[in-house]
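Next come the structures, one after another.
Shared between the two complexes below is chain A, which has chain B as its partner in the first and chain C in the second.
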Partner chain A sequence: MRAYVEFAKKAFQINIAYRADYIAGVINAVVMIFVNISIWKAIYEDEQAVDGVQFKMLITYIVLSFLMQCIYGMDEYFIEYKVRSGSIGLDLLKPISFSGYVFSYNVGILVFRVVMQLIPAMIVSIFLFKMYPPFSWSMAAFFLLSAILGYFVLYNLNFLVWVSSFWFYWTFSLVTIKDAAVMILSGALLPLWFMPQALVDFINLTPFASIYYVPISIYLGQVPMEEIALTLAKQLIWAVGLFVAGRLLWRSAIKKLVVQGG
Partner chain B sequence: MRKKALHSAFELFTILLIYIKLNLKAILEYKFDRTFITIAIFCREMISVVVMFLILVRFVHIKDWGYNELFFLYSFLFLSYSAFVLLFSGMRDFPGVIYAGEFDRYLTRPLGLLYQIIASRLDLSAALGHGIVGIILFVNTAFSVGIIWNARNIAYYIITILSGAVIQASIFMFANCFSFWTVKTENLRNMIFFSARRFSGYPISFYPGIIQKLLIFVIPFSFVNYFPAQYFLNKSDMNLFWDGFLYLPPLIAVIMFALVYAFWKCGVRHYSSTGTSM
Partner chain C sequence: MPLIEVKNLVKDYKLNVRKKGLLGSIQSLLVPEYEMKRAVDNISFSIEKGEMVGFIGPNGAGKSTTVKMLTGILVPTSGTISIGGLSPHKDRKRNAMRLGVVFGQRTQLWWDLPVIDTFELLKYIYKIPEETYKNNINMFNDLLEINEFMSQPVRQLSLGQRMRADIAAALLHDPEIIFFDEPTIGLDVIAKEKVREFIKYINKEKGTTMLFTTHDMQDIEKTCKRMIIIDEGTTIYDGTVEHIKESFGTSRILVVDFAENVDDFTMPGVEVVDRKDRKLWLKFHKDEVQISNLVYELTQKYGIVDFTVQEPEIEAIIREIYQGGIKLDESLCRVC
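Moving on, here comes the complex of A and B:
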């Protein structure tokens, strides 16, 4: 266990070295929130409802989504780099679980992002954008739980793409296409309640909504108390399902691995 | 020190063709990968288009901008970016050339430095990825927003797309020139460029005045798509701005390029190698 904590610490330290990067990350998040709010303001000006409840909920939705995007970022090319450089050969010899190593590395990044990006961006957002507080204390707690489950769903989905580098070596394209799917289908940029019903029905068959839409809906109090347990269970099932798929893919990847030099 | 032109325009053109041929050979070596990268860039750029589409399915119009008009406005961004990476990707990527020490080799060749920088790179995947999005948007909107495509309008259109490419190249180039002093500005550059680009996806009249002024006078992205689109669409929010802006894109492009060129000259004079060339 100690080894994994050290991996996480190392990831934290590596990230903190690039100061310009994380300041750019914070500013980027604030700019994106600002652009989106301006557009929604323009839309709602027509409907004469800029001060309405629905508009304020939308603002809260947008702010939360971009704050979550801040911390959901992972190192997409960690495994790919190890496969291509061959250093994965050495990693596999070490008496640690490789997927545990990858996970703890990403947890380090997560902690870094929470401390250095989420907190500054959150403070700026609260002052600048007048978002709603959580619907209630219990919903705040469920939101936190749901956001963590959302992180696991995204992580396990990403893991499938990362492991595919055992076959493809270069995964830029696959990662980019996966990101595009996540951004649109998870409701990160547009709440599901504005989407056509047919698309929503499709999204409900996929794990994507669990990543952004479900946690934010809980925060806004749109999920009734009696449905919370079911909603969280659904997220958990997706997280576990994708985790199992990742394990299976990993097992066949290891059999397939060829290290040239390294 | 003034140098005589070493090559005629014809010779330069022939050399450019050789460069293009070499680049294409390098690209086509990995046909499958490159195709896949093009598809990926296409998908990435489609994110914002799909989101705009879904918003418009629900709300039909934003202020008095309709569906076709907004996408017509957006198409300028993609087409001019595509022209930019097709023509000037060398200007986008030259910090890499300096850090790798490759710039020393350019210095020893009997050809203009800027010419070599521009001719030596070709990013076909990005040009196609952005270009296809742009063409899809253009074809779907250009004939339904009431534009008469006569010779004058076509000429204006082509000139503003090229001006947009030069404006964007100049923004990149300006930030990149700092690498002559070994200052890394890539993060700052990307942040400024892509933030401005995100703002420009929608009409600048949607934003507070300060942002409008920034996009006109500081990072002149409004001349890449807003004013060119307004020339054709003539929406009512144009009366927020001076009419002359409609005709300024080429002038802005020339001025920016001249300023950046002077800065580049200054940078080249200060250049001292990283000593990592092979």
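Moving on, here comes the complex of A and C:
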């Protein structure tokens, strides 16, 4: 167990070494929020509400979405690089679980981003964009729980894409398609409120909504108290389901592994 | 019971056959063609605890593939491997706990971090007790002088330093079995000697079982008693290094520096393999031609300035085996 904590620490340590990248990350988050808010401002003009959605509520949604995107960033090519260079062989020589290693590495990145990027970006956002506070204290706690589940859903979804590099060797296109799907279907860019009902019905059948839309809706108090348990359970089921799929894919990946070079 | 037991090991690779040219590439994209290549073809051997075995063969013979199957990274197509009763790919993690692997061409150190950081990490990965860890670090300091560069990032190390650090990293958890995959590749003579000395020392002191893949015959001659030669996926020799030298090292080369020009030299059983000015390289088999007779006859016929006798080195023997010059007798192999 201690080894995995050390992996996370090493990931943190490596990330902190790239200082310019860190500062750029914070600036990027703030700029992205600013640009998106400007676009929405143009859409709303002087209206107080469009489709019954208040402007300030939308601002809060956008800010939260981008802050979450900022910390949900993972190393998309970590496994692909190891597969292509063959260094995965060295990792498999160690008495550790490879998926556990990948996960703790990403947790290291997550902690780095929460501490070094989320906190500064959040402080700037609260003052600059005047977002709403959480609907209530209990909703804030549920939001946190839901956001963690959202991370697991995204992580396990990503893991499936990453492991596919055992077959494809290059996953750039696949990662790009996955990113686009997540951006649109999870409501990261455009809240699901504005989407046609048919599309929303479809999205509800996929894991995407669990990533961004559900946690943010809870924050905004749009999920009634009596539905919270069900909503969280749904997220949990997706996280577990994708995790199991990842395990299965991983197992067949190991079977087909052909270590490159050497 | 032997520590490592390999029985009828076979590994097939599926290769994607690409066609030539632009049209060919498009065709390959639409209708991929595959071809099976047998990298390891029915290999069997067993290694006892504490043995030090050289595992050699030309490039592409199937050495690395076999080593990878022993470590559990590759899954065999058929056949069984047992390492102390465990199947490497089924019990990968437990097997890994008892293994140490050194790759000459690859580092397992963390590239951006100081050497000591990798060591610390390995301490947690292998759950090495603090005392063992400290003792081993001290031992490596004495024998490999790794303390000179302990706090430098790995990417700044020279190849010799990196290799020493890599060996130390692989031995940190006192593994029962160590695989060396070309551990001296690219090192200078002194560094090579140091690595060999260290390997011998560890084998003697800790009784570690070692399997050595290399192209440097000196490595084998100086460290191993036993040697397994494989070619085209099959074992062609399994026996002592001495034996192969005795059996195939019967040819001698007499280098003679004549006082005059000798153009038409002929003698039964003696072959002129090279010449340069007045110097001739004469090859003969020591069982067929007596060296004393040869020298006697030469001195009777010609004036001789100087001469030396050369014994073949293991390297030359192996080269001949690879090229098919020497046919190995079935009876020679312990496990053919």
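Everything that follows uses one rule, which is that the second predicted complex is superposed on the first by the 254 of 262 C-alpha atoms of A that agree within 3 Å, B and C clash if a C-alpha of one lies under 4 Å from a C-alpha of the other, contacts with A are read in each partner's own complex, and residues count from 1 in each chain.
Rule of thumb we're sticking to: a contact is a pair of C-beta atoms (placed from the backbone, for glycine too) under 8 Å apart; a residue touches a chain by one contact, two chains touch by 3 or more.
All values reported here derive from a predicted model rather than from experimental measurement.
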Touching partner for A:87 - first (chain B), second (chain C), both, neither: second
Partner chain in contact with A:21 - chain B first, chain C second, else both or neither: first
Chain B versus chain C as contact partner of A:53, first or second or both or neither: neither
Partner chain(s) touched by A:230 [first = chain B, second = chain C, both, neither]: neither
Touched partner set for A:205, first chain B, second chain C, both or neither: neither
Residue ranges of chain A in contact with chain B within the complex: 20-21, 24, 27-28, 31-32, 35, 38-39, 41-43, 45-46, 170, 172-174, 176-177, 179-180, 183-184, 189-190, 194-196, 199
Contacting residues of chain B [partner chain A, same complex]: 33, 36-37, 39-41, 43-44, 46-48, 50-51, 54-55, 57-59, 61-63, 184, 187-188, 190-191, 195, 198-199, 201-202, 206-208, 211
Of chain A, residues touching chain C in the complex: 2-3, 5-7, 10, 13-14, 17, 86-87, 89-90, 92-97, 254-255, 257-259, 262
Complex contact set, residues of chain C against chain A: 13, 64, 68, 71-75, 92-94, 96-97, 99, 101, 103, 105-106, 108, 110, 112-113, 117, 120-121, 124-127, 181
